[in-house]
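What follows is a pair of complexes built around subunit A, which joins subunit B in one and subunit C in the other.
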Partner chain A sequence: MPERKIVIQRPAWTPFNMVAGIIVVIGLIITVIRFTKGLAATTNLSDYNPWGIWIGFDLLVGVALAAGGYVTSAACYIFGLKRFHSAVRPAILTGFLGYALVVLALHYDVGRPWRLPYPFIVQQGTTSLLFEVAACVALYLTVLFIEFTPAALEWLGLKRARSIVVKLTLVLTIFGVILSTLHQSSLGALFLIAPSKLHPLWYSPYLALYFFVSSIIAGLSMVIFEGSLAHKYFHDKMDAEHLREADGVALSFGKAASWVLAGYFIIKVIGIAQTDAWTYLGTGYGLWFLVELLGFVLLPCYFFAIGAREKNLTIVRRTAVWAVLGIVLNRFNVGLIAFNYHLPSSERYFPHWMEIGISVFVVTIGVLAYKFIVTHMPILYAHSDYESH
Partner chain B sequence: MGDAIHTLHDFMFRTESITYLLVIVVLCGFVFFWRFLSERDDSRDHLGADRPEEHHH
Partner chain C sequence: MSISRRTFLGWLGAAAVGTTLGRSAHAAGSPHFTGYPDALGVLFDATRCIGCRKCEEACNKVNELPAPARPFSDLAVMERKRRTDARSYTVVNRYENIVGVKGPLYRKIQCNHCLEPACASACFVRAFTKNSNSAVTYDETVCVGCRYCMIACPFEIPTYEYDKVLTPRIMKCTFCHPRLIKGLLPGCVEICPVEAMTFGKRRDLIRIANERFAQFPGRYLHHIYGEREMGGTAWMTISGVPFRDLGMREDLGITPAPELTKGALSVVPVVAGMWPVLLTGIYAISQRRDKIARDEKSAAVAAAVAQAQADAKAKLTEALAKAEKDKKTAIEKEVKKALEEAAKAKAQPSAAAPGAAPEKKSS
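The block that comes next holds the complex of A and B.
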């Protein structure tokens, strides 16, 4: 593809670059404050609220939205749906970046980054769910990195190394699905230790199952959402295969998301029945729960079904954004809003502006990394040396 | 099924009864949802997988 060798000089001072630059500079300043002055100077965390948006958003939402990697590679390599092949690399890339940023963001919350390997080499704490999450995230980040390397190796021209890594694809996919099943559910199970702190409508013995099933919805929706963004902003980078398969991927994933959302809705309702929490539905929290369940689970399920049935890409793509927002809302509800629901409002948590600043900084780093990689490496097109592979 | 719950048996009887009724509704609804999603599909089976292409010799 000689046309891809043409270098187009783009202006550096675009509005996007300037806004991103300002966010990065502010983020770096807050980073210095965080690691020199501590949590008290940069957060509103307290003994009542030890987990803020760095956990509720950066970690819980980040891990869920990065599920597109295992969902897409499982569909393609384990279930043999090869018509999704062109969606695998973009999904693996966003999964890898998502998990890398989760680990980056975790440093802000945990502090003392040099102690990151301590769970494995100093105090193993194997009975802790957090140990399991740490082990799975560390291993899965490694798996995603190896799965991503063929694109980087093609870019660097290292054919021999690339051929070795490509042979590991199926093993890595299976390993990735196992690890994702474990830690996606464990993130929900973390809250099982606090039945008195989490509102009964969100607390359930099935929390682990809810988190795992909703991560599949997040993964499917994010692949559709990223696909539509890539179609809009990186159209010139996409080859014929990607352009040909993009619509089919969106429609099929929309249909799958509709199924999973329906299942998720059912197990949520059964969860209420099992804990006999019906009476709480009449309260203020109950109304908010219904907003989440009906507005961000049942309605997206219906519109995904309509979009898939009518083969309407616009409906499917808009619903994907809606479903992603639903996952964000769910993680916020479990981690922040319905957590410590019994505390007086004066003791409730609201993030410090620097906490929000770091979350925006982390997302911006992700967008910039994605933009750099998609612009330079064969993510949305097949490298000319490997088109038949 | 009275309103008052005094024992674990009362609680289990109430919650499991409602769950069983919900599951029956879900299983019936599942068929309609399947048909709603899949009735306009032509070249693919109901699970969304490609049907094997016919070979013309």
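The block that comes next holds the complex of A and C.
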């Protein structure tokens, strides 16, 4: 389609570019401080609080919100829901960028980032759930990269390589679902080893299951959310197939998210019964737990159902943002807020502004990379030279 | 293949020896690990400690840790609760206003050297080693610095050198492992002026603690903290007041840390094994569903086409028949007309050929 080749020269000094530029500059400055002055200079981490938002947000939330890739590709290629086909590429792209940024952020958090391959090449601590997370994230990042390559190869015009990768679609999808099941759940299971530190309302033998099921909710909601953003800002990049399917994808994913949220709500309640944590519901933490469970699980479940039934895109899209915030809240609760609940407030953690700065920086890089890729590669439209796979 | 009696007995013997050997060598794999045989330990008696901080000083010296900001003789540091940090492997805290006790009590904090350490279980590069003498030691040459050990430790012992840029390490008590190997006592144990710490084999320490309970009725709570907490620790504490009054957690339970993650880890191979089957099955079902839908569709199309063709044929036949009939009618009409004309002509004086009509009819 020759009309797509026309590059529209937009002014460089748009508000978006200016804000993004400032964030990137600040991020680079903090990066220099982090790697010349150390963690003590840039974070509020302490001996009581070894994990801050670089783990609580960048890792736990980042991985959960990047679940759209495996959810969408599984729906399309494994469950055979072909009407979601146009949603696969954007979802794979955001998943790939999400995981890449998680790994980038980890380089800031760990003490000696150049040793990150050590668990694979030097000594394997296979009794550690973190080993499982590391192995699966590394493998899945590779899978997402390969799944993403057809778009890049089409852009570069490498037809042969592209056709080889496309043949691997089903195998890669299955492998991706296995890896995602394992590490999404293991992120929750990381905290199983510390029952004395995580508040009993959040600590549960089902933590792994909770993290896995809620990652499906996160994946579905993020696809809806990203879809609505893409519609707003990249409408001109979308082809007829994408535009025709987009509303259906949002409504169907909203319906699916409603069901999964319902199941998630039920297993959360079962979890309370299982550990007999009812009495804690009357405490301050109990109230906070109910805010999460009722306000960010049950209500989104209800509104997704309404939105899907009424075929009301606005409700579905707003509920998707709501559900995403619910996932963020849950990961913050497990990783930061309900963790170390036993400590006096003077020993509790609150992020340093530079920690927040790096997290914002990392998200910004993701947005910029997404913007570059969708404006250059066939993500929101099918390349005219290739048949869809 | 034939097996001689001798060979068979030989195998049997080897199997028997293997089983016996396996008992001691593989004890770590059994559900309840009670520690290495002859494992060492320390019994801390909180009724004896006077809070002099000499152990802190000795620890600092033998481990060559950086000098503290305030000297060890300064007891005012105990006005606030301290914890281990990157510059101190052990600290002594003071606990005041305990019900039923005149004056303050003290507790020494250091690594308890768990029988099944949470830190070692949590480490994804196996930087921690549980030595057979009980010491839990750390290898900084492989540590990535993820600090999951600090998350995992129920006693909040490991600390981190956050201020180091390129070489941050986890810092924790080593039970003076290098000294133990040389046959020396741990620095803190050696210096204690009141023998608040008793060093020995862990088995013996439990016996000693029970003897003290019997020897001094009313002086102790009959509980050895660390005998079973978190599956058991090499360092144990006895006290005359509830352990919570000494800032110790009483809700840790007796499950060793590795047990807590065992279930989640055991799911991994099952998912890796079953998911491909399950997912391929779902894929096959969806493919088959599509195929059936396609087949049904093409069958329906074929039927519709056939029906349409039949209808068309019938219509055509009907039309042809009608056309034939129309033609016939037209011919008859023509013939009739011709006959009439002929008859008319006959009636007229001119003579017309009578054969003209049948001739036309036959055409």
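Keep in mind that, in the parts below, the second predicted complex is superposed on the first by the 385 of 389 C-alpha atoms of A that agree within 3 Å, B and C clash if a C-alpha of one lies under 4 Å from a C-alpha of the other, contacts with A are read in each partner's own complex, and residues count from 1 in each chain.
Heads up, the rule we're going with is that a contact is a pair of C-beta atoms (placed from the backbone, for glycine too) under 8 Å apart; a residue touches a chain by one contact, two chains touch by 3 or more.
Worth saying up front: this structure is predicted, and the values here are computed from it rather than measured.
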{"item": "Contacts of A:129 with subunit B and subunit C, given as first, second, both or neither", "value": "second"}
{"item": "Contacts of A:87 with subunit B and subunit C, given as first, second, both or neither", "value": "neither"}
{"item": "Touching partner for A:270 - first (subunit B), second (subunit C), both, neither", "value": "first"}
{"item": "Partner chain in contact with A:116 - subunit B first, subunit C second, else both or neither", "value": "second"}
{"item": "First, second, both or neither for A:313, with subunit B first and subunit C second", "value": "neither"}
{"item": "Greater subunit A contact set [subunit C / subunit B]", "value": "C"}
{"item": "Partner chain(s) touched by A:362 [first = subunit B, second = subunit C, both, neither]", "value": "neither"}
{"item": "Touched partner set for A:256, first subunit B, second subunit C, both or neither", "value": "first"}
{"item": "Residues of subunit A at both interfaces, subunit B in one complex, subunit C in the other", "value": "79-80"}
{"item": "In the complex with subunit C, residue positions of subunit A that touch it", "value": "35-41, 43, 45-48, 50-51, 74, 77-80, 109-113, 115-116, 118-119, 122-125, 127-132, 134, 170, 174, 177-178, 181-182, 185-186, 189-197, 205, 208, 342"}
{"item": "Touching residues on subunit B, where the partner in the complex is subunit A", "value": "5, 11, 14-15, 18-19, 22-23, 26, 33, 36-37, 39-40, 48-50"}
{"item": "Residue ranges of subunit A touching subunit B (in the complex, touch as defined)", "value": "79-81, 83, 252, 255-256, 258-259, 262, 266, 269-270, 273-276, 305, 308-311"}
{"item": "In the complex, subunit C residues that touch subunit A", "value": "83-86, 118, 120-127, 142-148, 150-152, 154, 156, 158-168, 249, 251-253, 257-258, 260-261, 263-265, 267-268, 271-272, 275-276, 279-280, 282-283, 286-287, 289-290"}
